[in-house]
Amino acid sequence: MGSITLKNVSKVFGAHAVIPSIDLDITDGEFVVFVGPSGCGKSTLLRLIAGLEDVSDGEIIIDGRNATELPPARRGLSMVFQSYALYPHMSVRSNIAFPLKMAGEDKAAIDKKVEDAARVLNLTDYLDRKPRQLSGGQRQRVAIGRAIVRQPEAFLFDEPLSNLDAALRVNMRLEISQLHQQLKTTMIYVTHDQVEAMTMADKIVVLNRGRIEQVGSPLELYRRPDNLFVAGFIGSPKMNFISGAQAANHQAHTIGIRPEHLVLSKDHGTWQGTVGVAEHLGSDTFLHVNADGIGTLTARVSGDFAVTHGDRVFLTPDPQRLHRFDEKGMAIR
Amino acid sequence: MATLHTRSAARLMIAPSVLLLLAWMIVPLALTIYFSLLRYNLLMPGMEEFAGLSNYTYFLTDPAFFQAIFNTLAIVLGVLFITVAGGIGLALLLDQQMFGQGIVRILVIAPFLIMPTVAALVWKNMFMNPVNGLFAWLAKLLGLQPFDFLANAPLLSIILIVAWQWLPFATLILLTALQSLDEEQKEAAQMDGAGAWSRFIYLVLPHLSRAITVVILIQTIFLLSVFAEILVTTNGGPGTQSTNLTFLVYAQALLQFDVGGASAGGIIAVILANIVAFFLMRMIGKTLEA
Amino acid sequence: MARNVSTGRKLITTVVAWTIAILIFFPILWTFLTSFKTEAQAIASPPVFLFFDWTTENYSEVQSRSDYLKHFMNSVVVSFGSTLLGLLIAIPSAWAMAFAPTKRTKDVLMWMLSTKMMPPVGVLVPMYLMFRNWGLLDTRTGLVIVLTLINLPIIIWMLYTYFKEIPGEILEAARMDGASLAKEIIYVLTPMAIPGIASTLLLNIILAWNEAFWTLNLSAAKAAPLTAFIASYSSPEGLFYAKLSAASTMAIAPILILGWFSQKQLVRGLTFGAVK
């Protein structure tokens, strides 16, 4: 089935090592998200698994079989591209049928599978349209349909939602998660959006400059980030970092505290500061506080807390939720 | 963006084009160089002998050669001047709102689609002919003496004919470039108080510079080798007054059957074209996105 | 989006533009009109513009006297043949350069373009002699070969710029979907590239149809396409304006129509994609 193992995989473009060396195990049925800032090598890694790029070194093992030298078509994987990559000259039906036609299946079997996929994805009414006559969300579904008909070992998603507007993105996020629960097939999903990673993944792989910073479940990464990078990347709004004397008090080079783990008070607390900007979201309020001798801290407080620009406030970190890092940026535990 | 597999397939698919063009570039050129070092006349077969550089000295000391160089440059520069200046004017005009713009465009493009021999013959006979031509009739109408264009001003006549053929090309390209100029930019300039003239100098002309470069580049390639127009109008004459380098080599080879001399001339033409190309390629390298 | 200008100004622009356009087009119009005159009317002074006895006998005479159709067919065979052959060679190359580029791709493209800069006279002599020795002088095959070679760089460049516009992800999707290289080209690339291939075809037919250096120098009575055939009217005994006009009209009409249909692609093709 769809287990994928990367052993010592590296990719070098010219003199530039995009991926120095990566080891990773993905078990069958897992929903794995590669997340990281742009240029971190997450898409390259996906393309290496897909076989659209050659590895410079190392092995890729899919379903117990060494697939390193196999062409993309023979790896048993399906891919959904950022641009959807639908064939513009073919109808939706032909688009979805294409991989089956390439596999040489007979016409009746193809028709049945296409109809089934279309039903699952709510595309039945659109089968005879051309991709350009569809909305962004529908195109996305066609791309997914094309991926699921051949029942691959694993699905690869390359930032599939980045071309959709915000509302649709939330919808499609849900649909893809539901699809995963239905199919129980391995999925590898690449995104730069940590919200997508947190909401969808069984396992998140945080990448930075071609290296794996940390692998873990969403809550593991949130609660126990291994280093400054992961601490800063996962969570929104971002974790506050404080170095200098305040950090030294906690025997650390840098301390980190998430905005939601700061307790706000009008009359007492550890740090004092002035409210700069208050962003009212209704349920919550994000406060940007200029803390005396520390710098700007972001705090997330209940929307009921009445506070405005210029108010003096006190902030107290929850000691249980304080993260400590050494001078190399690694977590001290 | 590709794997080893696609890359090796790619190499295989490029091979035919590269090999063909390589052969096309090298084989005839090598032969031309070889012939240029021989005394070789088709009327005296079997008499070929090594002649060193004498063909080159002969060609380079021939007064017709300098005339031909001058004529070649005159045609290139004359036509470029007329077509670029005229093309900018016409493009600006056609960019305005008017009735029947589509038809006007079609009419203006037409000369470019005419084969050179037809264009040259039509101008020669039906317009420039001193007896039956329309220009002669016009001159008489105005009480002037008809002018024998091709006898008295052969080079200018050829420049005019060739310019007529290439003016549409320049116009069309400049017009396309002009239409890609952002309307909002022009409006912003107007808001900033720029008059029509300063808008043209500071906005339109810089925007067109890329297209003008392309026009100059491509026309130069073709204009260096103007041939059919000369062949059917003046045959290079009177004397050598309208002979360009291409025509001179042609005459040496296929009219006088002097293979050695013509080859030397051909090599000189190649060297000249390379000098021009060197500068043009530097321009194009910046202009074309490859 | 363009602002509306006053009707008065639009009217003036219209008059000026139409006047200039008709002046530029006039030689072609005049040729067309003359082709329907008798030889006497063709050289009449003052010239007759529209009110003459329209006759089509020039057309039939051009055919009966000089076998016009043979030369027309030569043009068709040579221009279509060289273009199709060129496309056959160029499509795989352009595909490779657009979708599997290497560090040298740009240099290769530039080099191909540079072969266009070689003046044809530089190789006229050996080409003439080789053609003579191989029996290719004055044959359609010979002309097809030469025109394929001289237009190949343009064909490759045009296709390259069109292929570049096809997103590489779509071809990768086909690869993921299990298409072999051949199937990828047949089922995905070619259908998507049809408009680009069509305009490349069109432009190169126009260029080959009008090519007048090699056709004049390498063909004579037998294989002469229209360029060379019309040139024979330059000799003094051929001075028949009406017949020249009839022959010319037939020679340029097909290309005028093709060209008018492909104005936009014309610009792009002739500038190697630099101006769109």
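Here the chain labels run A, B and C in written order, and each chain numbers its own residues starting at 1.
Here, a residue touches a chain if its C-beta (ideal position, glycine included) is under 8 Å from a C-beta of that chain, and two chains touch if they have at least 3 such contacts.
No experiment lies behind these values; they were computed from the predicted model shown.
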| item | value |
| --- | --- |
| From subunit A, the most remote chain by mean C-alpha position | B |
| Chain whose averaged C-alpha position falls nearest the assembly-wide average | C |
| Centroid distance [mean C-alpha coordinates] between subunit C and subunit B, Å | 16 |
| Interchain centroid distance [CA atoms averaged], subunit A/subunit C, Å | 53 |
| Distance from the mean Cα position of subunit B to that of subunit A, given in whole angstrom | 58 |
| Residue list for subunit B, restricted to those that touch at least two other chains | 1-2 |
| Residues of subunit A touching at least two other chains | 52, 71 |
| Complex contacts: residues of subunit C adjacent to subunit B | 1-2, 4-5, 10-11, 13-14, 16-18, 20-22, 24-25, 27-28, 30-31, 34, 43, 45-47, 89-90, 92-93, 95-97, 99-102, 105-106, 108-130, 149, 152-153, 156, 168, 181, 206, 209-210, 212-213, 216-217, 226-228, 230-231, 233-234, 239, 241, 244-245, 248, 251-252, 255-256, 258-260, 263-264, 266-267, 270-276 |
| Touching residues (chain side subunit B, partner subunit C) in the complex | 1-2, 6-7, 9-11, 13-14, 16-18, 20-21, 24-25, 27-29, 31-32, 35, 90, 93-94, 96-101, 103-119, 121-127, 132, 134, 137, 140-141, 164, 167-169, 172-173, 176-177, 180, 183, 210-211, 214, 218, 221, 224-225, 227-228, 231-233, 245-246, 249-250, 253-254, 259, 262-263, 265-267, 269-270, 272-274, 276-277, 280-281, 284-285, 287-290 |
| Residues on subunit A engaged by subunit C in the complex (per definition of touch) | 50, 52, 71-74, 77-79, 81-83, 85-90, 98-99, 102-103, 146, 150 |
| Subunit C to subunit A touching residues, read off their complex | 167, 169-170, 172-180, 183, 187-188, 191-192 |
